[in-house]
Amino acid sequence: QTGEINVGILLPLSGPAAPIGVNSLNGHKMAVEEINASGGIPTLDGATIKLVVADSGGDPKNGLTQAERLITQDNVVTIMGAFQSSVTYPSTQVAEKYEIPYIVPSSYKPEITERGFKYTFRLCLTTDLAGREQIEFIDRMGKLSGKTVKTLGLLYENSDWGVSSAALWKKYAEKYGFEVVMDEAYPANSATLDPVVRKIKRHKPDALLFASYTSDAILLAKGVAQQKINPMVYMGTAGGHADPVFIQNVKDASNYYFDMAETSPDIDLPIARETNAKYKKLYGEDMSDDCIKCYTATYVLAKAIEIAGTTNPKDIRRVLANIKMIPGQKGIITPYGVEFDEKGQNKHARGVFVQTLNQKRVVVYPSELALPGANIVWPTPTWQER
Amino acid sequence: MSVLEIQSLSKSFGGLMAVSKFDLTIEAGQTIGLIGPNGAGKTTIFNLITGAYTPSEGTIRFEGQEISGLKPWDICLKGIGRTFQVVRPFLNRSVLYNVMVGAFSRCESKARAKAEALDVLAFTGMLAKKDMPAKGLTIPDRKRLEIARALATRPKLLLLDEVMAGLNDTETREAIELVHRMLEEKKIAILIIEHVMEVIMSLSDRIAVLHHGQKIAEGTPDQVARDPKVIEAYLGDEYVAA
Amino acid sequence: MSLLEINNIDVFYGQVQVLHDLSLSIDDDEIVVIIGANSAGKSTLIRTLSGQNPVAAGHIRFGGQAIENRPSHEIVEAGIVQIPEGRRLFPFMTVEENLMLGAYNSRAMPELKQTLQEVLELFPRLAERRHQLARTMSGGEQQMVAIARGLMAKPKLLMFDEPSLGLAPLLVKEVFNIIPKVREQKIPVLLVEQNVKQSLALCDRGYVLENGRMVIQGSGEELLRNKDIKKAYLGA
Amino acid sequence: MKDEPGVGLSRLKSPNWYLPILMLVLLIGNPLVLDSTTYIQVSILVLWYACLTASWNFVGGFAGVLPLGHAAFAGIGAYTSTLLFMNWGITPWIGMLVGGVLAVLAALVIGIPTFKLHGAYYALSSIAVVEIIRIITENTQSIFGIQVNGTQGLLVPLKGHAPLYFQFGEKIYFYYIILAILILIVTIAYKINNSKLGYYLVAGGEDQEAAESLGINVTRCKLIALSLSAFFTAIAGTFYAQLVLYIFPQGIMALNLSFEIAFIAIIGGRGTLLGPVIGAMILVPIGEISRIYLSGSRFLGIHLMMYGAIIVVAMLYKPQGMMGSFEKWYWMLVDKLGGKSPNAG
Amino acid sequence: MEYFLEVLINGVLTGGLYGVTAIGLTLIFGVIKVINFAHGTYLMIAMYAAYGVCVGFGMDPYLSMILIVPFSFAVGYVSQVVFVTPCLKAEKDVREPVSVLLLTAGLWIFVNNLFLMLFGANFRSLQTPYSGAVFEIGNMMISRTLLYAFCFSVLTTALLTVFLKKTNMGRAIRAVGQDREAAGLMGINIFKVYNVAFGIGIATLGVAGAIIIPMFYVHPFAGDVYDMRDFVIVVLGGLGSVPGALLGGIIVGVVESFAGEYLNMSWAAGIIYIIFLLTLFLRPQGIFGFEKDS
């Protein structure tokens, strides 16, 4: 039995967030297949990684049970997951108790790394960082182009993620001197968002900031196009706007949307683009943000195990706490490196800005990540000009 | 003191005056018959007395106390029991269970309620069917159950709404017998609605006749049966002959 | 061969046998009455004929055709129509709609307009109130609607289950006036009644049901004179 | 179990006595024998659901109405104890009782108008009530200076292993706590079932008007039932908060949970003493096991499909719930062992 | 003022759309006395079917109704035969059989996840020439698809109302709803009527599916979005009343539109529920409902 290393994956594979769960899972899977195909973990006689997948259904108490099960029954050496912060938050407690590392590729809730846990490591941004980057970007672009944004409209689904994003937008808007003329929470699964669209029409904010899931991102984009509303800037916060399905559904109404993603398949990082091409062949679509982070997280873990040279979770944790990886290194296809601070938060996590041009997402900022020729369109042309 | 004293009782449904200016007095131990054509307002009067409807106007006194406006359960606890014209047993429960529900109104413990219920069932001749589910009873049996259930609340005044419909002459006789025994052993006053004249005539001390919500006659059975207004509105001429 | 023949049927409610080895027949143009104590099984018999209760053993033939254990609607189709105990009108429909529903079978449907005309002639009071909701009609009027609805079906046999139940004496008389009118239309009648005297006076033949068994049968007059019946049902 | 001859210990020879005791012993010994934390965790969930369904049964079963909004009470319990703990450091052990009392108050406020409605109208109104409570909570950031945090929910402050604060390092504690709560609920249900209140609830559920004519204040009885139900549901809510240590409106006061409670209870057998508990003991493990073994496969949502299929099949073959069969088997067993079953004569 | 008018018009039109999604629910309740928890699921099936036909054959969504409506009818008819009827037969004395309610809930979970398995979790939208089109009246922009949807829903309501009032089958459907045993005694094959009623109820969702897809998305859980709102609508309009469903839909649409406008969409649902409860307390049988039905 030279070696199978069980790694637990906790994701929402049923319920409304299932599509994201599946995308994320695919990221993990592709990474594991690559790692195993290229000889497994060299320091462990080529032991292979085996994913043990658990479905949280997006429900915190299921998250608890499943984490418990992954650890005590499947003897996983590490857990990765769990997308929804509401699941990640309680399930990391289980891992902490059993002293099993828990890598969080994509849960934004700041508190997850604020409890002094020693076994929780977050790869991605927090809401706090994301909000700041978005406002900063709008500020900087306005100053650079001379076409400054003065007023903001905040549109966000009314659960944890949306509401906490909005709180931070407000905080940084004040700091950077923007006026918030519209502050609109809405339920993600609405049959119509027309009233929200009409409000945008009435308040005419210069920039629209979205924290949307796919369904509402689609409805809002359709509505704005229909009512021919002309804001200077659309700014998404990954989520629905990063879902490849968004463009497929709204077609050219998706043009000129900025999206504060953490990464993108087309960043100026060859390995990322190659990986994406390979993925596209396998799964028929581009890698989503979450998919990329999960892919990367898997490689981070593999590296940690390799360095540790053992499958003892405590050793893996020790390695993780000190690991240092840079973009472009094997498997690291995020635009930022990986290095965890003492709380377990990735010090380098940051955003990249993507703009949809001709129904394709293009990395436009920061410029060192943008491909040559990828230029920002600022401000958005009016509907008449398009 | 009269058991029940109704004065100038009226009830309208929208535009329809179902009962208007109805007066009636019942003395202890009496049986009063209430007759009238279909839709005359008889059942409505029961519903008013028992608090299922609130009167538009008028007073109802039970043992000298005003009871209109009280809730149905309070009125029951004061001592008025009723049956429903369209019977309403608790269909999915046994006969015994049905009667125990009534008996609980006078006691707290299950054992007491059960003993009480068995008594009443014996009294009404339903003991043999005590474990049958109520939905298996025929309509006359359900009516009997309805009486038993009401009796179990130990009423001082019992309102019977067409409990003898659907009985043949012999069965009717037995039922009349039961009512007589109730009057004697349990000493209750009875207000009875019935379309079967044999019953009404032989049971009632007095009869009130209702037509379009108004009382058109009141008196002894003989007086009423000869009243031309009653004959015209209700009995038909055959009865005069008979 | 009679129009309706019931041969030795057994009927149960769950475990309890209600009808035992029961036989009965009805000929064309007859009024047949069934009397019996309550719980004797009279309604059960009618319900069984209408397909509302299953037959455990025995046969029922109507016009030569076996009809036991057929669903209600097929039995109506065959021509047996029941006017149920307690009227069972459709409360939130008008009188006219109720009547039209009466004709919901392939025999009656094509002639609906004409039958409606005839029936309303027979019950002028209903003609006046054809647009009134059934639930707002008085008890007697409702009984009339129920009978009229039965006639709308163009029945080959009409069954009444205690049609006088709960009616004021005047209306009882009216109901007993209607039944011969039905026969005048050449429709045989099966009548279940507690009003023993009046119904036996009206019928051609009668049966007595006791505890689910047929115990006596004979012409109306015979039964009226029968001592046992007098004692058991007429309270003499 | 009635009319059993013999006194004291000699009674234990009859299966009528030793079978229930045996089952109780099994429940108590269960985690010690099968010492796997996943298993214990699943058992905790089973018992937690059983508490919810057994509480629901006070109204949904005995009183014969169909409430579909019980998560509201769980939410009230969870939020009350957590807020008391966060803001004033009051231990959830006390917060749990306060939550229960608040839930009772809410039950009264909700129950008085809604019990005027019947059938589907009542059921749908109960949905509206839980939704309103959820929406209000979701849209409230803070009230009277107390941070409610809207949709973001509340994080229960961590204390490590602190029994005084209802936090434990080991799952086994939770197991025994929830088991004790369940036993308490079932005992109360048993008492009610055999009391005046039980008879009155059934009567009121079957025919309100008839019941009222027999001296029953049906609405009051239903309110008592709803209050009891709300109280214990709220306690289960606090338990959840302490187990998961994170609560938010969509998690603890949502329709999903409300439906789940009602559905499990009905599949088990509403209105019977143990039906809802049995429902939880069958459905929750099936849900968990199928989640473990079927999810993550190529077939998205297959375990939920199976769950749905089980409900469909259960309703086609056992529309009155599973309790009927269980009762039959149980008494057959009692008969076999020489005990006395109620239909033995 | 114009602005107010725009909000109102939008509310009415959206409400009309909601109405048509709820007609089937109210019809089925009227006959079988069961809240069909799988209602949104059937809508979702119709939406997939319409989407499939439109994308597959390049058909116009409104034209696709000629296929989708009969298809939905068949789906409803078959579900009734296979699932609901057996369950109803087992509980024939119960007026509002809870087991059937639960059965539909089971179907809801089962079919939603079946579709998730079959078609994946991706959102799909239908692009039509008029998807984003508007009628401009002054500053008001009224969505064309929404206006069409409204027209279809009024038409559907009217047709169905006439059908129920004037045809034999329509009367039979109402009769079965009021007294199934008596209906049987009229010669009505009640189980056939159930099948037809369920079929028609789901067929109206065929209309709904076809008019929704030009402006909404298709997803295995897309129908659930309408579920709770439809429950509110049918109760407001009176369970069992078809015109009531349209009216209830419009009320909900208008309330939602104004609440969305003057508060926000997160509160809108709450406001609707509050109005719903208030209506129930004042008039427990709903606006068009019958007293005895409550």
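To keep things simple, chains are lettered A, B, C, D and E as they appear, and every chain counts its residues starting from 1.
Everything that follows uses one rule, which is that contacts are C-beta pairs under 8 Å (C-beta built on N, C-alpha and C of every residue); 3 or more make two chains touch, one makes a residue touch a chain.
Quick caveat: nothing in here was measured; it's all calculated off a predicted structure.
Asker: From chain A, count the fewest steps through touching chains until chain C is reached.
Answerer: Shortest path length, in steps: 2.
Asker: Among the chains, which one keeps its Cα centre farthest from the Cα centre of chain B?
Answerer: The chain lying farthest from chain B is A.
Asker: Take the average of all CA coordinates in chain C, do the same for chain D, and state the distance between these two points in whole angstrom.
Answerer: Spacing between the chain centres: roughly 51 Å.
Asker: Please report how many Å separate the Cα centroid of chain D from that of chain E, as a whole number.
Answerer: A distance of 33 Å separates the two centres.
Asker: What is the distance, in whole Å, between the centres of chain A and chain E, each centre taken as the mean of its C-alpha atoms?
Answerer: 37
Asker: Could you put a whole-Å number on the gap between the CA centroids of chain B and chain E?
Answerer: Measuring from centre to centre gives 47 Å for this pair.
Asker: Where does chain A touch two or more other chains at once, residue-wise?
Answerer: Touching at least two other chains: 14, 18, 22, 158, 185.
Asker: Could you tell me which residues belong to chain D and also touch two or more other chains?
Answerer: Counting only residues that touch two or more other chains, chain D contributes 138-139, 300-301, 304.
Asker: Which positions in chain B touch two or more other chains at once?
Answerer: 91 - these are the residues of chain B that touch more than one other chain.
Asker: Among all the chains shown, which pairs meet the touch rule set out at the top?
Answerer: Contact pairs between chains: A-D, A-E, B-C, B-D, C-E, D-E.
Asker: Okay, in this complex, where on chain B does chain C touch?
Answerer: Checking each residue of chain B against chain C gives 35-39, 85, 136, 138-141, 162, 165-173, 195, 197, 233-236, 238-239.
Asker: Can you check the complex and tell me which residues of chain A touch chain E?
Answerer: 14, 16, 18-19, 22, 158, 184-187, 189-196, 198-199, 202, 214-215, 218-219, 222, 225-228, 243, 245, 248-251, 253
Asker: In their complex, what parts of chain D are in touch with chain A?
Answerer: Residues 36-38, 41-42, 45, 138-139, 150-153, 155, 158, 169, 171, 240, 243-246, 248, 250-251, 288, 291-292, 295-296, 300-301, 303-304.
Asker: State the interface residues of chain C toward chain B in the complex, per the touch definition above.
Answerer: Spelled out, the residues of chain C in touch with chain B are 13-14, 16, 35-39, 43, 85, 138-140, 162, 165-173, 194, 196-197, 231-235.
Asker: Can you tell me which positions in chain E touch chain D when the two form their complex?
Answerer: My answer: residues 29, 33, 35, 83, 86-87, 90-91, 95-103, 105-114, 116-117, 120-121, 228, 231-232, 235, 239, 266-267, 269-270, 273-274, 276-277, 280-281, 284-286, 294.
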